[in-house]
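Letters A, B, C and D name the chains as they come in the text, with residue numbers starting at 1 for each one.
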Amino acid sequence: MGRRLLKQLDQTYGFDEVAIVPGDVTINPELADTRLTLGGHVFEAPFLASAMDGTVSPRFATLMHEMGGLGVLNAEGVYTRYDDPYSVLEEIVSMSKAEVTEYLQQVYSEPVQEHLIGSRVQEIKRSGAVCAVSFTPQTTKRLSPLAVEAGADLVFVQSTVTTARHMSNSYRGLVFSELMENLKVPVVVGNCVSYNVALELMQTGVDGVLVGVGPGAACTTREVTGVGVPQVSATLECAAAREDYFEQTGRYVAVITDGGIRTGGDVCKSIASGADGVMIGTPFAQAEEAPGRGFNWGMANAHPELPRGTRIDVGTKGSLRQIMYGPTSVTNGTQNLVGALRVAMGMCGAYTINDMHKADMVVAPAIKTEGKFFQMAG
Amino acid sequence: MGRRLLKQLDQTYGFDEVAIVPGDVTINPELADTRLTLGGHVFEAPFLASAMDGTVSPRFATLMHEMGGLGVLNAEGVYTRYDDPYSVLEEIVSMSKAEVTEYLQQVYSEPVQEHLIGSRVQEIKRSGAVCAVSFTPQTTKRLSPLAVEAGADLVFVQSTVTTARHMSNSYRGLVFSELMENLKVPVVVGNCVSYNVALELMQTGVDGVLVGVGPGAACTTREVTGVGVPQVSATLECAAAREDYFEQTGRYVAVITDGGIRTGGDVCKSIASGADGVMIGTPFAQAEEAPGRGFNWGMANAHPELPRGTRIDVGTKGSLRQIMYGPTSVTNGTQNLVGALRVAMGMCGAYTINDMHKADMVVAPAIKTEGKFFQMAG
Amino acid sequence: MGRRLLKQLDQTYGFDEVAIVPGDVTINPELADTRLTLGGHVFEAPFLASAMDGTVSPRFATLMHEMGGLGVLNAEGVYTRYDDPYSVLEEIVSMSKAEVTEYLQQVYSEPVQEHLIGSRVQEIKRSGAVCAVSFTPQTTKRLSPLAVEAGADLVFVQSTVTTARHMSNSYRGLVFSELMENLKVPVVVGNCVSYNVALELMQTGVDGVLVGVGPGAACTTREVTGVGVPQVSATLECAAAREDYFEQTGRYVAVITDGGIRTGGDVCKSIASGADGVMIGTPFAQAEEAPGRGFNWGMANAHPELPRGTRIDVGTKGSLRQIMYGPTSVTNGTQNLVGALRVAMGMCGAYTINDMHKADMVVAPAIKTEGKFFQMAG
Amino acid sequence: MGRRLLKQLDQTYGFDEVAIVPGDVTINPELADTRLTLGGHVFEAPFLASAMDGTVSPRFATLMHEMGGLGVLNAEGVYTRYDDPYSVLEEIVSMSKAEVTEYLQQVYSEPVQEHLIGSRVQEIKRSGAVCAVSFTPQTTKRLSPLAVEAGADLVFVQSTVTTARHMSNSYRGLVFSELMENLKVPVVVGNCVSYNVALELMQTGVDGVLVGVGPGAACTTREVTGVGVPQVSATLECAAAREDYFEQTGRYVAVITDGGIRTGGDVCKSIASGADGVMIGTPFAQAEEAPGRGFNWGMANAHPELPRGTRIDVGTKGSLRQIMYGPTSVTNGTQNLVGALRVAMGMCGAYTINDMHKADMVVAPAIKTEGKFFQMAG
């Protein structure tokens, strides 16, 4: 009897394990064009703010627009469950750590009020901003048309893991191709981490794919279920699907790395891995203008059987402008994210995001030799 | 003279080094069937509680049965050495750290009272639970018939490292095939970590094999003797033996990962590595109903020449129901273990444990970037 | 449709990941010749002090010369912006951490006074020392002739990432070959990390190449932009370019590892990776004679869009002589750097730096098992 | 021009990176024969105590003999420099940390008194113990005959890195083959880490080779000079040389792993890597009977240009008997080293040290997941 081969385990990489190699030619950072095109909309900065209640309010979505990015509003959060979401936010923010988890469970057990979806969309549209709203697969078919009727420009459909085939079987017949036809606005779906799933999602006609499942070792999804793929590898996979799909069809679907991004370095590595843009939660929740005022908490309804996200104290670090464009005296890479991307593109000789996809990356040791000695800026 | 080749060292992996990749298709978690069949008995939840005195009492075995799992009683522990084990447990639990090691040595130097084996078995059987008892190889031949006569459904034979050939040479002629014939109840043996040993054990006719020797770098066996194999690799090896053995004989022998499992993620990775079930100590010892009331200690007689297990303060974390089924507000993966398995199976499109064996896994960086920044649930 | 191949990520190594293997023959350390030849100048010790204001003053440059090395003066720092730089240094050093960042920004917003360039050069030349001055690419064409006219022996041109082709396009037509012809003194340029860039720089006729971009995981460049290559791999690449260039042209261009070097071990690994010399900041800023008096701060103008280097408290550890030649009772490798190099060369049987380039290196685990137990000197 | 290949860096392993795989057959630990034969002398336990003044005194050498091992006396330490070494030890042990480094330098600047070499040898011989004394290469030719005349059974020649060819060129013509002929007692030399050097040393006729240069990342040699090879790889290399040499000549030269061993696990991994015995410092310096009374310090004269070993507080952990044979309640593997070796041999089915050389090893993750959760004995 021959000996069976063991399951093959491929090595994967996250942000901390890789580094970008400077190019053979460099350019001045001011020559770098960082634009992202998503569903026909052009964004000067390829940055999306995550659909979390502590991060994106209608007001914050407007501000993201002014900064050249896109804030995605959670269409199933406090803004659509409460006429006055701000008093709820006030409660969440001022409550003690011991009380807040139970309170959050109460807050999100209130039903979504359908009329509020349109109101919030109109609130964003009145400011002149591009309006993007996010739904879970369970509610998309029913609720997303309300947002589109009110003027929403983009619809996001997000769950921890999304596959084209599951949607159609489980969630009241949510077929993305039908959804796209009905809504007549661009749809972005996620999250996924593998070539096959990204490709199948693209084949349904969606305009963007969000990448990221259990990205970090400390991530709740990965700790609780063991499921997850580090973001560099996940982005490389989905970007490969995009290239193949583009070669075959001529249609370019945006790939957005979503989750685990903490620094400008992580943003640049996402792009160098093939992302067209990044979706960020915590770094934006740390903006002075964020509705969570220094706190952030997970999306509701993620997994009813598993622990809900708890409120996390992320602190307030600066204005959104500083976080995106500086100036900053912070040297840990959490501010001036657009500036960091420009400088990295300059060092790689990348005139466009697409050029930056071709930058070389290497696996570089992640272990920091702190304490004993520090290192100067290289 | 040609240069001799050095010994080849294969890379192995533990729970912290791997992650599960979501499937191309996903299913709703409620469709996942988590059943384990062991020796003809069917368990709704593929969870076994370790035969440690601080974890499984007759009462706790009953409770495990009610939860759909199996509690294995140590047939050479306080329950069979003392008429009143509960006063002994009371002493162990209330004693100072300084005194307890010596006291434990005294406790386990008292002889096993043969009549108590039957009593404990009957105690479990009266509750309607499946009754499993564990013996060391040294005593199995003499004592296990007493348990079976009293109605035990399953016999476990456990030592740090068990091989089919050693047993027959050393322990008063313990030949597993003869044992099986005499006892006429299913037998589960362990522990082992390699293809060859697992296969030879299966060939003796046993119904289950326990996997795990020195699983973690912090494990006493590994620190003291250098011997050990991380659990993902060990489970992959033993599961490969099961597949080959099944292909050859048509008989399916359960593979149970035993040791080092701390979170739902570890459970899911065990199953994805090929385990049919998991055996867990500490997470169950942390149940409110556990006899160790927040403490746990190793099995007696493990290695007479080496240090005995000391009493460890594991704390009490919730009811057994919460630990197995939630609800929970704990986000570190140590509660709602069955729910976590269902969600992971859903994300992998696995309808059965057998489907879950086919889930993809990757090597993912284990180093956590704590402190500087945290990561939101992925 | 065939599946696209993912971007290939090569493994790279920093100082902490490698170790040098002793040679088949060893020699007595006193037989080791550590000389570096750079632009026709011979240095007994292959050590350059970085062009940072807290490290190299004209006086410190003289001291480096006396020690057999080379101190490179920042020609765009306090020494050329202020008639009395020492009162500015006094302010920087005595100011509170809260005030100093803003003060540093003020300090470096004063313009360079062209006449001071010549004065500082003459100050160094009068002492009999070899005089090296460092410029940024932006100012090199305009300012470096002033230094050369005043007697400077070597011109350094340094930016975070330097490529031959970028220079000629962007910085007012800075073409290295023209610069060399005009200046008629040797030119050293950097920084770079790859074979191609190093080779192209060598082909412009420069006399030395500085190696190092974002060398460490904790490096600001790498954290902020994700760009960087660990120093062992970067040095191996650039040294390979030097060897190929030498084979083709017969001209030997010095490769200097610059950045991330903290210990004698790091120095030796740089040389074993192919460096002809090392450029060091912090370890020299820790000398009693350093102008920063226990503080160090980054070069000005590095990246206008990104955070400027902040003042770092490096402490004062001993005299420059002790740091370079001992004697020392410090056992962490930060003192007696030349002695360490000699001993390592002895253990590798290397009579010259060139012999040391041929020493074997291995990848050796970097993780330290501190706390639990310590290890004696091997 | 073709691109030059980069230097190849092989992966190496230390104790923390590997684990031993249990065998297909196991045996009872009491059947394991742990004997080491070194220069014709047979030792029940393959343990040598390092020639450090805080570890081995004449009295401790006798005790090691009684325990079945071998204590090697430093023939150039306090015992041969002072008529009354015990008052010097008293000073070293009772002095403050601030004073002791300078005092140690004074202590070892006193000359060796040649007549004391014979006295110490006779002291050991009178007790009936096998007597082994250690010299540096510089003094071996002159001083070792004095030890042999007085009855020494074994001569050790030790320096950080020893090669056959260096010795003959540098140290007053120390040719090992001549030395062996003159002394007419077995000679053990070291240290070395590579196949070639070990083979050449064996070819000079020596009876044993000591393995270990800069074994750990925290090792002074490795931190200061970058030179070092982790012990598992170094032992595998030298053991391969022994096998090839034995095949060619029929003469078996003992390979002794020396340095970096802290636990029973490390001992077992050394043997599984091919060592015939281990040389240990700190774990024996922690014995109640050790002359350093809880302190240890490095061998004198190791590298005159580099920092001398400082006094390290190792603590007193138990009697030598407990450290070697137990019983012990310590579970971190630092006690009952012989018992640990027996148990490991049992789990690998190894009847002899030679059988244990054939045990499988794997690369197993070294990172410990402490804090969050602990792991029970495996």
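To be clear about the criterion, a contact is a pair of C-beta atoms (placed from the backbone, for glycine too) under 8 Å apart; a residue touches a chain by one contact, two chains touch by 3 or more.
Computed from a predicted structure; not experimentally measured.
Greatest centre-to-centre distance from chain B is found for C, with centres as Cα means.
Interface residue usage between chain A and chain B, two copies of one sequence, is largely distinct: under half of the residue numbers at the contact are used by both copies.
Separating the centre of chain A from that of chain D, both taken as means of CA atoms, is a distance of 56 Å.
A separation of 39 Å divides the Cα centre of chain B from that of chain D. Multi-chain contact residues, meaning those touching two or more other chains, occur in chain A at positions 13, 16, 332, 366-367. Inter-chain contacts, as defined above, occur between A-B, A-C, B-D, C-D. Per the touch definition, chain C reaches chain D in the complex via residues 13, 15-16, 18-29, 195, 233, 236-237, 240-241, 243-244, 247-248, 263-269, 272-274, 326, 328-333, 335-336, 339-344, 347-349, 361-370, 372-378.
Across the complex, chain B is touched by residues 1-7, 9-14, 16-17, 52, 101-102, 160-163, 165-166, 169-170, 191-194, 196-197, 200, 212-230, 233, 259-260, 262, 281-282, 296, 298, 302-303, 305-310, 312, 314, 332, 334, 366-367 of chain A.
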